[in-house]
Structures are given as C-alpha cells and as structure tokens.
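Per-chain numbering from 1; labels A, B, C and D assigned in written order.
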Amino acid sequence: MSELEYTTDEMMTIAAARALGDGTVCFVGIGLPSTAANIARRMHAPNAVLIYESGCIGAKPTRLPASIGDGVLSEFADAVIAVPEIFAYWLQAGRIDVGFLGAAQIDKFANINTTVIGPYDDPKVRLPGAGGAPEIAANCGSVIITLRQSTRAFVEQVDFVTSLGHGEGGDHRARLGLRGAGPTEVITDLGVLRPDATTRELTLTSIHPGVTVEQVRDATGWDLCVADRLEVTDPPTDDELRVMRELKAAS
Amino acid sequence: MSELEYTTDEMMTIAAARALGDGTVCFVGIGLPSTAANIARRMHAPNAVLIYESGCIGAKPTRLPASIGDGVLSEFADAVIAVPEIFAYWLQAGRIDVGFLGAAQIDKFANINTTVIGPYDDPKVRLPGAGGAPEIAANCGSVIITLRQSTRAFVEQVDFVTSLGHGEGGDHRARLGLRGAGPTEVITDLGVLRPDATTRELTLTSIHPGVTVEQVRDATGWDLCVADRLEVTDPPTDDELRVMRELKAAS
Amino acid sequence: MADFLDLPEAIERYVHDGQFVALEGFTHLIPFAAGHEIIRQGRTGLTVARMTPDLVYDQLIGAGCVSKLIFSWGGNPGVGSLHRMRDAIQEGWPGPIEIEEHSHAGMAERWRAGAAGLPFGVLRGYVGTSLPEHTETIVPITCPFTGEQLTAVPALNPDVGIIHAQQADRDGNVMMWGITGVQKECVLASTRAIVTVEEVVDTFEPHVNGVVLPAWVVDAVCVVPGGAHPSYADGYSERDNPYYAAWDEIGRDRDRFGEWVEEVCS
Amino acid sequence: MADFLDLPEAIERYVHDGQFVALEGFTHLIPFAAGHEIIRQGRTGLTVARMTPDLVYDQLIGAGCVSKLIFSWGGNPGVGSLHRMRDAIQEGWPGPIEIEEHSHAGMAERWRAGAAGLPFGVLRGYVGTSLPEHTETIVPITCPFTGEQLTAVPALNPDVGIIHAQQADRDGNVMMWGITGVQKECVLASTRAIVTVEEVVDTFEPHVNGVVLPAWVVDAVCVVPGGAHPSYADGYSERDNPYYAAWDEIGRDRDRFGEWVEEVCS
C-alpha cells in the first residue's frame, strides 16, 4: 500500500505497466504505452524486449522517448533496422507477443479509431490516422490498449475502424483469418476492461481503488457489462510511483 | 601492337575487358567475366561500378576473387547488402547497365544454358544451374557474354534455356515484356559475335588476330552468319597483358 | 551520378509544379531545409507522400504547395495535431487537398515495392479496418499457392525523392546511420534523388546500422549543415523539441502561419 | 530464447529425420561443422534448401541424408561440379533425390517471403526460361493495379535453419558481418534456428554491414571456432581454397568419398 498520493493517470500508467510480463516481446506505441513499457522494464520485466516501429529492436531508452524515432531508442537498441523490415520481418511474421496501443476512440468490441470523428469525407475532427496500429492490432499475439475513460472515447461503435479489435464480436477475428488474439485488456484511469470469453464485448473486470462501478458506467458510452467477480486494482506501490516519476522527470 | 606473346584465352579476356565502358554499372558473374571486369577497372574504366550477387556494390578487389563471396569483394566495397536486396532493389529495379555473364552452352539467339545437357529428367551432364543469370539476362540494360567457342558450346538450340537471350529471335524479348536489351556481344577466344539488328541471330562481326572465318565456322554448331564488314580485333597491348597477368599472378 | 549543388539550385533543377515528390524521414533526419526551399520557390500542385507527414508537410500544405497527400500518420509527434493539414482537409484552406490514406505497414511495403521495381507489394494488413472502404489503392490478392487472401498495395515511385543524411564523401556517396526509416527505399524508388547532408568527409567511418547510398543512385548532394532542424541528425544535433511544441500555436492560426511563411521566404 | 548448447546436442535436439532443413551461407560463413554433425548423427530423408549448395550439401547428399534439394546454383565455386550431387541426380546414388530448381533471384525472394510471414513472393523473373516447365513452384501472377504479369514463388519456411556467425554475446544475441547473404532471412523464416559462432564476446563492436539477430529469434547458439571451415569467417579465418580444390577428387569417387565420411564420423 502506497504512502504517496497519486493521480488517476498515474494509476492507469502503473496498471498498464503491470500488464507487461517479463520476457515479453512488445511492440510499443508512443505516449502512454511507451511510458508503461519502460516502467515495466525497470520494475518486474527487466527482460521485456521493446520494439518501436522506427526500427528499434530491444530498445533500452534511458529516458522516455519524445517520439517514435527518438535517438534514445536507437542508441541503446540491440538492432536498428529499416522500417519496411520492422513491419515485414518482425511484426507481420508474428514474432511479437504483445502490441501496446493507445487510442482516441474505442468501442465495446475494442475496435480502435484514430482516424476521424464524424464522416470520413466531411470530418468533425480529423485525427492523425493509422500509423502502425492496424497491423500491430492484427499481427501481435495479443494487444493491450490504454487510454482515459470517457463517454467521448468509449463509444458504442467507432466512426471509423482504424485498428480491428474484436470486430462485431464473437469469432469475428478468426473468421477474418487474423492470427493474433486481439485486445485482451483495456486499461483506463478508472479500471480494467477485458473481452467476454464468448461475445468478446468489453467487460469491466477490475476497478482502481476509490473508483465506483457507477463512475465507470458514467464514463462509458454503452451499457457496460460488469464481471461477476469484480476485482479492485492494487494501488501503486511507492516503488512503482518512484520509478514512474523519476522516469518522467528525466524526460 | 604487342611485343609479347599471348594465348587465345588472353585475347578473349582482354576483348571482354574492352567491352566494359568507363562509368558503367556492371553486374559481374564469377570467372572470366570477373577477370575481364577487373582488368577494365584497372585500365580504361576506373569508374566502372562492379556489383557482385553476394551483395557487394562498388567492389574494388585487390586481387581476383576466388568466388562470388570472396572477402576481397566485401572488404573494399562501397556497400555490402543482403542478397535479397541486391536482387530486388538493384538488379530487378533496372539500376544495372551491363550484365556480364559466362555460359556453358549458347545458341544462335544467344540463349544460355548452364543447367543441363540432355533431357532435364534424364541428364547427360548436370550443370550447376541458373544462379543469378536468368534475372541478370532479363533486367540489365544489356548483356555481354564471354565463353570459349566450340561446337559443343555453340549449338543451334540450347537443351535448356537457363537465361533468355533473344529467345526465338526478332522482337521476342519485347513481346515477353522484358526491359533490358538482352545480349549485345558474345566475346569468344576466336572473335566477337553480335546479334543481327532484325533477326537477332548471332553474327560474327570481329575476328581476333590470326583467326580465320573458317576456324570460327568450324567452332560453331550452326551455319554462322558473317558480317559484311568483318573487323579484326586489335591485339592485346603490352599494358593490357601486363595488367591481366599481374592480376592473375596476385590471385 | 551525384552533382554537388546548392540546395536552391537542386530544388530548381529537379522539383517542378505538379510533380510527385517525397521528403522522407522518421522523426530523425527529416529534410526540413529542402521543404522550406520548396516553399520559397513557390511550387504548387505537388503530390506528396510520406509515412509520417509532420511539421514540414504541415508547412508545405499550409503554404499551398500540395494538392494531394499520401500518408499513414499525420501528427505533431508528442504534441498533437497538424493544424495546417487539418485546415486543408476540413476547410479546404488554402486550397482543397486530396488524401490517400494507408497504414505504416502498407506505406512501408509500397516503398519497398517502389525500390524493387515491382508495380505492387503484398502484406497481411488492413483486414477488418475501414481503410479499404476509403482508399482505392488497397485491394485483395490471393496467394497462388495456398489460396490465402492477402492485401496488395501499389508501389510508390515519386518523380523526386528528398532525404537528409549525415555525410557524403567527395565522390558523392552518401552515408546515414541511426534510425534510417524508409529513406533508402525513397531514394531508390524515385526517378530523381536529392540528398542534403551535414558535411562532406574524406572517408566514412564504420557505424552500427550505417547505410551507404552510392553516388550513382543520387542526383544532387547539397551540403546543408542543420538541414534536418528541428528534427535531428544523430552525431550532429539534438531534436529541437521546443520548436515542435511552439509549432502548435503557429500552425493553429492562419495569420501566424502566414507570418511564418513570410519569414521563411525572406 | 537462445540456449548455449554443444553442437551435437543442438543437432540432436532440433534436427530430425524427414525434416525441412536449411544450412545457408554465401561462400562466406557456411556452417560446415553443423553439416558434418548432421552426417555424424546419420539423419535421413531431409529436404534441404540453399541458394548455393556447395561442398557441405554435396557431403550431406553423398552421405545419404538428403531426399530433396531446393536450390539455384549447385557447384564447387571456382573448381567445377559437385560430383556427389551429380551422382545422386544422374545415377540415384546413394539414393534418388528430388530437385526443385530456381534462380538466385527467385530463391532470395522465397527467403524474403518466408522471413516476412507471407505465403509467397513476387519478382520479375524466369520469363522466357525453361525453369517454369520443370519447377511447379514458379507461377504467373498479375498486378491488380497495372495488369502486368509477374512471377510468384512460394515462401521457404524450413523446420530448422542453421547458420554460422562470427560472434554471440553472453545473452545469446548473434552478430555477423561481411557478406551475410540470406542468413538473416533463413533464421527468421525457420521454425527453429541454430547458430554456430566463432566466439562469445562481452559486447559487439560496430561493423560496417554488421547484422545483429536478437537472442529471442535463435534457439541454440553453439560455440564452434572454425565452424565455417573450409569456408571463412571475416575477421577470423581465410577461405581454405586448397580444400575446395581437393574436394573435386574426393567427391568424384564413391569409395574415396566413403572414406571421407568414415573420417568425419570417427
């Protein structure tokens, strides 16, 4: 139990870090996934292999990278290779255990939208687009997603499927011939959602300390299912908070 | 005019070396083509770029390479790259001016056989096979072939088309959609053959000093056409012989 | 064969209105100086391609150089949106631009195919996403051996490819290292290639992940120290993160952007 | 994750009768020691693939390990023929072998596709040659964008890929440099990978053209100094050209070859 105060964002980041097992080969998106992966590598997962789409394999950044092509990623990597190779030989070939993604919008089957809010040809908000996410979501063994929970972000159905989660649910991924298991955890500032074993609909399985189920429901744009045995996330330890804050301060 | 004695093989090698223009980007086969290309680089073509299929671009070997993957090729190259890249990014993309090939058997349309003498499934002689030659012959701007002339090697029609020359003659290459011009010179120990402008049949256009047309005809397995204006190859100069012999002695 | 040219001369000689141009770079080694020179020379009607159109493409778009953008991720990395790009797409300012949108994996494969002289590339990609509904250059292809369905994308072959590298030698051979993205592919896929470099050296030192492009696949080498700024050049400069942060405000406002263009052009 | 194993243990653990196995190397870094260990352990019924099957494949074929050979150039470089290979193809001795014959460009593309997790690759190749008449794995494919006809070849995905490299570090990461051929692709395309290395080092030095394979794509690292002999390892050894010349006589004669096998196995 922590002696230190912490924010909901810090809880989210630490919960995401915990989701990364030691020895895991992880394709890391920039931003929150990268922060979480680097905390994990400094805590319980020293042998996690971090891969960035800029071509860095086994990156060991000494501070948080400011971008996907930060020099701190290449400088201490096991190998730096061309971008076509990272996507073809490493991601596409199914060599990556876990894809670690952020999202602008997510729906109840964990499909991700980072392209456009509103119609594609007459956008309300134009977002950056796909980047590496569609093939990370398709080809990694499993996918962890992390983003803040709100009704704006958690919608019944995304306006644009940038990266396929569980599609229309059930065995949709398998029917499409996708190899990876797809999203297995969505970690937010309020709790953790996991796809139901059968329907693949995102279900609240854990809430962070001090958060109520009602709060999570209110921040979700669909009628949220809650697991029968709802867990409460362990609060951040002092060690976790210290490592996270040192890492952020150094960056 | 040379003061030194020379063999027919030496004449062939030097004639082949002369065929390589300065500044030419040349995909070099091992053996005689490699010897000729390296003489050329030391004589009139110091800026020729030699490319070997083992991945060496701009090789500047200090001695003749014993094989296509000799360390002397990589040590002094501008770049050494993976083999899939040399074939895809460099040869296939049409970046090479001249392909320089040897052959076991050649026919009157300059099709090359390095695969099999006799039927494929019941070979009289099994040869090494294609190697890089089919795509060198297809994708280089033009192709120079060099081999000793004999009725065993110069046949009416090859048993197996390992590398396409002018196919069945005429515009056959163009009809097949091939981008390169195909073989433009066949340099032997007796003379030089070039494809007829229309029929693309190999025609004797030059004989080496001291060689008679009859000799060449006798060493050719088809009824050989001879150019109206038959040239006589300049004999090797002392310089050419010295460079060639030094290069061979050092290897 | 590479000529050593001044950057303005290289852009004047090779980049023309209405062409297909790519300035590649992946956070590292982005050819900003070349992009600014294109703005200075007032090129228009360009089709531009890049995996990660960032500030330099935002600037080209805002300055009215671009009529079509081919891309896979358009943002200000670590900061937020590209407001000039958004303004062009959403409001058609300063003119409408067409977009052709892919994923990184698809764009990388398109560059590979372009460099390899193939008309198309193949990947396991886009399946189940909305991208194929909006992008005509994403089509299914069947494996002739297994019957499996995959995705085909067309090669990228710009008229001019522009990159920034650390070094050239006196013969015009180019060397870059660190994160080199798709820059080799961009040069090899393009009809003409312009490379800005930090400096000219007598001989290249060995570098882990060093990539050498021989002089005969490059048309112009321009010595432009700091030519990647505000991006960085490993061994020469650090990324100017405050510039990226400050761009957010400049790019957000048409007038402030206009002032920025005037500054660049003066 | 790479285990450090003795070579006999690695071969015993991963190479089994009837499997698809590749020992790659392009003149440089040919894993001869591993090939000899396969002979010693008496494996049979192997399908073997390699662009340039040279002496080590001649030896494997002559020793009766091989039932199918996939290749693009089978000779003794600079010397002449592979007599054991010829004897097997022409006379069926010591047993018949099936061959699947490609060009280098096709094999390189098959390795690339294998490493990339694609079922097939595409190239401008084989057009107008006799190869497609005799090799079923060469088929036409049409570009869905241009209608152009190209050639498709299936990926190579061996059960076991075996290469020789210069160095491993203590974590089992592997580094090779110089001419590295298709060895990276061979490792990545294979279900299991065995790498023999000259030595184990604390850290890798930078090398022009250095290629690093992380430990987690390698199954066994075997420290076998000279494991490429009579081939060479840049920085460690020279090619033993007399061995290649002498092989011509040994390989030419079934009895002399038999003696050679006995020697290797003793």
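By definition in this document, a contact is a pair of C-beta atoms (placed from the backbone, for glycine too) under 8 Å apart; a residue touches a chain by one contact, two chains touch by 3 or more.
Keep in mind that this is a model prediction, so the values were computed, not measured.
Under the contact definition stated at the top, the chains bordering both chain A and chain D are C.
Here the spacing of chain B and chain D, counted between their Cα centres, is 28 Å. Chain B has its Cα centroid 57 Å from the Cα centroid of chain A. If you average the Cα atoms of chain C and of chain D, the two centres end up 38 Å apart. Residue positions 79, 88, 92, 139 of chain A are each in touch with at least two other chains.
Looking at chain D, residues 117-118, 123-124, 148, 184-185, 208-209, 211 sit in touch with two or more other chains. Interchain contacts (touch definition given at top) occur between A-C, A-D, B-C, B-D, C-D. The touching residues of chain C, counted against chain D in their complex, run 117-120, 122-124, 137, 139, 141, 143-146, 148, 150, 152, 154, 204, 206-208, 210. Residues 23, 25, 49, 57-58, 78-79, 88-89, 92-95, 139 of chain A are the ones that touch chain D when the two sit in their complex. Residues of chain C touching chain B in their complex: 1, 115-118, 173, 184-185, 188, 211-214, 216-217.
On chain C, the positions that touch chain A within their shared complex are 26-28, 51-52, 71-75, 77-78, 81-82, 85-86, 89-90, 101-105, 108-109, 111-112, 123-131, 134, 148-149, 178-182, 184-185, 208-209, 211, 232, 234, 238-239, 241. By the touch criterion stated above, chain B contacts chain D in their complex at residues 30-31, 53-56, 66-71, 73-75, 79-84, 86-88, 91-92, 115, 120-121, 123, 126-135, 138-139, 160-164, 167, 172-173, 176-179.
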